[in-house]
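The two complexes that follow have subunit A in common; it is paired with subunit B in the first and with subunit C in the second.
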Partner chain A sequence: MDGLKPRIADAMHRQSQPTVTVLSTLLAVQDELGFIPKQGIEEVAAFTSSTINEVWAVASFYPNFRFEPPCLHQVEVCWGASCHLVGAMPLIEAALQASGLETEGDTSDGRLTLRYNTCLGACSQAPVMAIDHHLIGRATPESAKARIAELLAEQNG
Partner chain B sequence: MADDITISIDGVEIITQPGKMILEAAIEAGVYIPYLCYHPGMKPFAACRMCVVGVEGGRGYPAACVQPVADGMKIRNEVPDVLELRRSVMEMLIAEHPDGCLTCHRVEICGPNDVCLRHVSVNDRCVTCPKNERCELKDTVRYLGMNLESPLDYKYRQIPLEVADPFYDRDYNLCIVCGRCVRACEELRGDDAICFTERSGSALVGTSFGTSLLESGCEFCGACIDVCPVGALVERDHKWEKAARVERTICPHCPVGCQLNLEINSAGRFIRAVPDLNSPANRGQACFKGKFGLEYVNSSDRLRKPLIRRNGVLEEATWEDALDLVSTRFSEYTGDTFALLTSPQSTNEEHYLGQKFARVVMNTNNVDQTSNVQPELVEALENALGYAAATNPIWDLENSGCILVFNSNVTEEHNVVGVPIKRAAKRDTKLVVIDSREVELTRYADVWLRPAPGTELLLLGGVLRSLIDQGLENPEWLEENCESPSTVHYALHNLDMDQIVQITQVSLDDIAEAARLYGQAESASVVYALDNVSVDLRQDCVRALIDLVLVTGNLGKPGSGIYPMRQGANEQGAWDVGCVPGRLPGYQPVGDENARQMFEEAWGITLPSNPGLGLAAAIRGAAEGRIKAMMVIGDSANFSNGKLGDGLSALRELNFLVVHDTFLSPVAEIADVVLPRVTFAEKEGTFTNLERRVQRLTASIQVKNNDSRPESWVICELARRMGASGFDHHSPSQVMDEIARLSPIYAGVSYKRLEEESRLVLRTNLESPQPTQVLHSSREYRGIQWPCQEPGAPGTETLYVEGFQERKADPATPEFRAAEPADDSEYPFLLVPGRVLLQNHRDMEIIEGKRNRIQRQEWVELNASDAAAWSIGEGDEVEVLTQRGDLTGQARLVDSVPPGVVAVTSLFGQLAVDLQDSKDPDPASNVPGLDIRPAKVVKAGSNGSS
Partner chain C sequence: MASFEEIAAESQQRWEELTAGGQPWIRVGTALCGKAAGCDAVIASIEAALEQNGVAAQLSQVGCLGLCFAEPLVDVQLPGGPRVFYGNVTPDMAAEIVSNHVAGGSPLAHLALGYLAAGGPDEEVDSTLAGIPDLNQHPMRVLENRVALRNAGTIDPGDIHQYIAYGGYHALNRALTEMTPEEVLEDVKTSGLRGRGGAAFPTGVKWGFLAGSNAPQKYILCNCEEGDPGAFNDKAILESDPQTLVEGIILAGYATGTSHAYIFIRHGHDGPIDRARAAVVQAQEMGFLGENILGSDFSFHLEVALTGDSYVAGEESALMEAIEGKRAMPRYRPPFPAAVGLFGKPSNINNVKTLAYVPEIIAKGGEWFAGIGHDKSTGTVIICLTGDLKYTGMIEVPLGINLKDVLYQAAGGVPDGKALKFVQTGGPLGGVLGADNIDIVLDFDILRTAGAILGSGGVIAADEDNCVVDLTRALIAFCQYESCGKCFPCRMGMSHLLEVLERICRLEGVPEDLDLMRKVGQDMQAGSLCGHGQLGFNPVASALRYFGEEFETHILNRRCPTEVCSAPRFSPVSSRR
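Moving on to the complex of A and B:
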């Protein structure tokens, strides 16, 4: 885990916004590593002059923080109101089917993390999904299946 | 008062003050508004919504705990709409708590001995909850008159029980997430060992990454258990037992003098201790010792009958035979061949009788107390200022702008004194810690000065010098209050700061910063002990600390105290009533003829005028054959931990040794006569805590099937048999009256006053649901802080407020120097042990099992120059060998450890595990201290000759 320390420190110190908080620092760490390791909680506590349990209380409050290394690819399907109205549910079902998951989560081969998102901020393109933070507008169950199948079949990421 | 306002609750008028919340005003007035997350002493949280009320002219239903009172406010409490709203709130709360125990229709008719008739599934039964019959939630449900059926489905959380950590059993299936425990840990204790986890439906209490309490920084003080309204957090010992009655007494483990409410079951056995909410010394707090270290009272290993050694074997005897034998033998040793040692857990009255027995019956001043291993701790204080005691109340530390802690492991040895320090440090009080060891407070310190062992005195000189160089002294105050102000400066002239930096291994910047923080603070306090300070430097260390106090004028005002951290629970009282060799009751010197004359008249005898031998000298005297007979009351770790040399061997040399103890302790095993002694919980009397507060002990439990007696009885019986008069007291109260007559500082202390001056502070209606601590704490007993010079006079909270009346402060000049380095070629290093609650940066593993254990690689920190000299590399496995045990770890080369030192800092969690597993009947009294000792370091696997 020692290799993570410089990356964590770098991410924490790189924050350029005027107000640095526990939350912003946690986000910086997660942006860097894709997750927050135990060491990350400790480093954030030291950086923000708070305690590990204070940081944990914040980190565990938000479901968007994850504490295990992420899978190779992140697939997010929006189920906000706009997307919901134009077919988010069939999209979700297709995504689940294609990835072999029963609900949002990680595939067992570690290739793909599927998450529901409450708004990806692109209602005009609804329904939307995002793969590795790249938006895909007017997604269809078929296109979702195809893209996920591609991700799962890829060789060596 | 002028700013009083009037509010009304359901038409009942209440006088209160602005700034209070409705709930506070109601609790003070004895009007019940139900609440579950509020707890007196903590900030309101408004999470449970149980205290919603109606306010006439207001909108909605505000929570009473966060709604400030206003003049003329009309509050609606027990009215149908409010009660209905509370019932719906409760329905939601109990959707996540087993509700069978709360709403079972047999609750009214089911008695404690009835077998549950299975109206309710097993998980939900009231009888399967440890808090049954003492559950605040259940009481509140009953109060609200809930329907027996809830429209909401109960969701069992299915969380495994947490029962592998020391002392605590936790069942988060019963948690109602009121947050009292989290707030107690953070707000009251300053610890943050637990936190809220997740949110909304899955929100709960836990730790970061769900780790064991052993690695989350828990100090096992039990504060979370004390405030938990449900069965989620309970003490493991006597978990299922119910209190039949509650008795308030004083904790016997340290001189903080925590008032504890002992819960006693129907069989008359002690089951739990709950710290008292209104106690001025501990304010509702206790520590791992007070909370979990009193079980020895119930031990089946206790001595039951007197024992007399016959043909080398201790055999049971009657009190008659034992006392006859002891009195006959003692008559052979009157004079200075006898010494009496009382226990730190003896009461003031017993200490008084003990010293009177030694002086009147045995005609010697050889009397002391077994925890008094460092009389130097207060001698210089008494000489310089007048009183051998802390100047300010414990909780006044919270008012300090800066607190300097010198060589004192406060958080372990005087835990509750650590609470105001930690709380203050978390706000804006500056904390300076001077200690070679890494202790819990060093984590909170703004500046931690870590001198090479033996150079503490020199370092204090450096701090003083730096303070004066920075112009931070208060010459006017010094001039006005000090006998010879220039004395202080005199010794500082010769100090060479460069040399100090070089010898102490503390940087000039750190010294200057510590001096600046202390000197610039509006008010500053000093908390000190003399742990690991060599005998010849102790007086001067205390003198230097007093100088620090005097040059800055930090005396006689709030937040500016000097606190000697004594060891024994009632060591202060022992000194006060003359149970020390050189002083008669009330600190009147034995050498002073007038003082002696007064006592000679009162006691009707002639007193010896030589000062007598103290503890250390008496033990030496025993070894050398000058002391031939001794009576020792209570066991003391000091006989075997090296603080008195080889104490046990010395005692073996005696012709006649009588030990009065609760257990067959190592010292009892070598005695000629052993007398069984009652514990603190079985006797009446008073203790005086370190802030000079005289407080009463209550005989809370009866001694059953056991002939144990208190030492007051034994001493009086012996005196009577030896033909002495003046030992015919009927009660401790009478003894206190005698103390008050003879000792001016106690003149106003009497049992009558201690009782009468208590007052009702929480007008709790016992019919309504209340937190346990509130139920136990409706009355406040403040005790009396001496000096209390006249019968009706109030005690003295803070000393020297009026300046120095009779004599000015008279500081002595310390000679700033370092200890002579011990030239020990076999053990060339000093092992400096440390212990902290938390070390984030260290990898560790918890071995889970029936009991969790910590497994980790200890770090042996040493200076790079030493490492090079001994061919030790970073990460090498090394062994540290000492004459008192060895340890192994991984070498770490660091700059912060001075040459010649190896530092090993362990985790408090390990100590908690060890205490839990200990076979010692009274482990809390024998917690190993952090003693620096000679050591050698070898690479693991080598034969130790390198």
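Moving on to the complex of A and C:
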């Protein structure tokens, strides 16, 4: 984990906005690494003159922070009301089935993280999912299964 | 620093070169709706086809015109001609459009959705095209009156000169050179503008609280948290015309004697965030932000702040906590933000849409805005139409219009010959209206009386195949997931409501459950610090009001009339609590 230290320091210092806070610094570290390592919590505390307890309080509150290295690919499926009414549930079922997961989380081979999202913001194209932050509108269970199967089967990905 | 007249002249010159300079202009919708529909592949295809055909053209990524159902939406404007729009463009279609229309000069009438007359910001050139309808006659545009969205989908959101050429920053220049802060404030009061974030509080009155404080440090906070499923108009404004928001914020600062402001956006919505950040930098470069704006004594600074995933972060006091870098939990009030707000300083919080109206109000006068709308709901409203509708998207209509007309005329009603069953308005804390109750005037006060709220403008339609109990359960699942956990009546109440609704959906409910939910709802309302808990029972209350019978069928007859409740259900529980 020693290799992370310069990246964490760089991400924290690179923040260009005038208002630097515990939250903004955590977001900067997560953007850089894709997760917040334990060391990151300590570094953020030192950088923002906060206690480790204060940093943990913030990091554990917002569900977009994760504390393990991310998988290779991120799949998000929206379950907001607009998506719910036009087929989010079958989409979630299909995504779970295709990734072999029982609920949101990481596949054991580290290839894919599945997350439920409360609103991906493209409600007019519902149901919506996202693969590696690229939005896919009017998604179907079939298209979701096919895309996830591709991600899992990909070589050298 | 150039004078405003010099800047405006340069913008005008650039605009003329762009529209009449000999090159075709291609615009592609790239807001979240365009992205989800696949605009990136269409842009790649256009770029390749331009090279293949050896033609030079201006290619711009614009925001959302509102016709989201037709995304990816591409329009081509030949020099001096009208804009011809193509809807649901595939990469193959894009190549065909480039070779025939852009390179060959012949619009593809059989593929075109419609045309809009060309002309600059001030002229409307009448130009008609054989076989292509006028896009303004499209159902989604007929009822529209665009104020906040006047430039959306037309100008390049990344080019401040296009905004200025379309009349932008003229209001700020006028305010700084001809008006006192009190006159600007008076104009906003005269306009009758009310907050578009959900509470519909008079904006001028709110600004008056801040203007009345002579504290040396005060803040204007612009809320673009917008976590409501079904509402995307705040993000669409940032993606389509961020400068109208920036100008509105600066005017708010001038009117209230404030020198600092924040735009607050949820982390992860990269499109709106990037547009907002770029807009702030460009406004700084032009001298509209910073010290002594346009040579006046007025100095103003604007910053983009991000929050983590949290719906409650959109609540005004939780928002201030999040900007300070803490957990997004509401504060006790009093003291109110106008007295003790961000970093303990007097603060004013407005929604994106509210502030986006301000430049036009100052440009055309408060009385002009007050002349639009209905009774005490002045101006227009931006509605996001989603769910089971023929045309999904975003329209801006005068308040006072009938919801029924919006659903059946503009959105084209429910597709596939099905009947409308209910609409859900105002976000997860709003309510449902039965299909028999949608003959209602869009007016903040009338909708509230009907048990629904206009909220931030989301209208989700559900056809006859949907179960209202199931939707209510999904809404409460959202509210439970998003409860910040500070007030236990909200934290426990949401969990309790969800437990009961899960039971009813499993067809295991008992007759006492309805009164139990009402009791829990009362406690939440009485014992929660913010709207999340206070209004959290709304979805259940309105569903019971209009669809009590459907709940009873689930409980007494152990039957879901639509059979939706026999399918798997999904209620994630947040790790946060």
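We take it that the second predicted complex is superposed on the first by the 157 of 157 C-alpha atoms of A that agree within 3 Å, B and C clash if a C-alpha of one lies under 4 Å from a C-alpha of the other, contacts with A are read in each partner's own complex, and residues count from 1 in each chain.
Rule of thumb we're sticking to: contacts are C-beta pairs under 8 Å (C-beta built on N, C-alpha and C of every residue); 3 or more make two chains touch, one makes a residue touch a chain.
Owing to the predicted nature of the structure, the values given are computational and were not obtained by experimental measurement.
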Is A:Ile52 contacted by the first partner subunit B, the second partner subunit C, both or neither? first
Just to be sure I read the superposition right, which of the two partners does A:Val22 touch: subunit B = first, subunit C = second, or both, or neither? second
Once the shared chain is lined up, is A:Phe35 touching subunit B (first), subunit C (second), both, or neither of them? neither
Per-residue contact with subunit A, leading partner among subunit C and subunit B: C
According to the stated criteria, A:Phe61 is in contact with first (subunit B), second (subunit C), both, or neither; which is it? both
Share the list of subunit A residues that count as touching for subunit B in one structure and for subunit C in the other. 57, 60-62
Interface with subunit C, subunit A side, in the complex: residues 17-19, 21-27, 48, 57-58, 60-65, 78-86, 88-89, 92-93, 103-104, 116, 118-126, 128, 133-138
Help me check something: in the complex, which residues belonging to subunit A touch subunit B? 38, 41-42, 45-46, 51-57, 60-62, 67
Under the touch definition given earlier, write down the residues of subunit B that touch subunit A in their complex. 186, 192-199, 207-209, 216-217, 838, 840-841
Subunit A touches which residues of subunit C in the complex? 32-33, 35-38, 40, 68-69, 71, 226-232, 235, 262, 267-270, 301, 303-311, 322-328, 384-388, 392-394, 424, 428, 458, 460, 462, 466, 471, 474-475, 478, 481-482, 484, 567-570, 572, 574-576
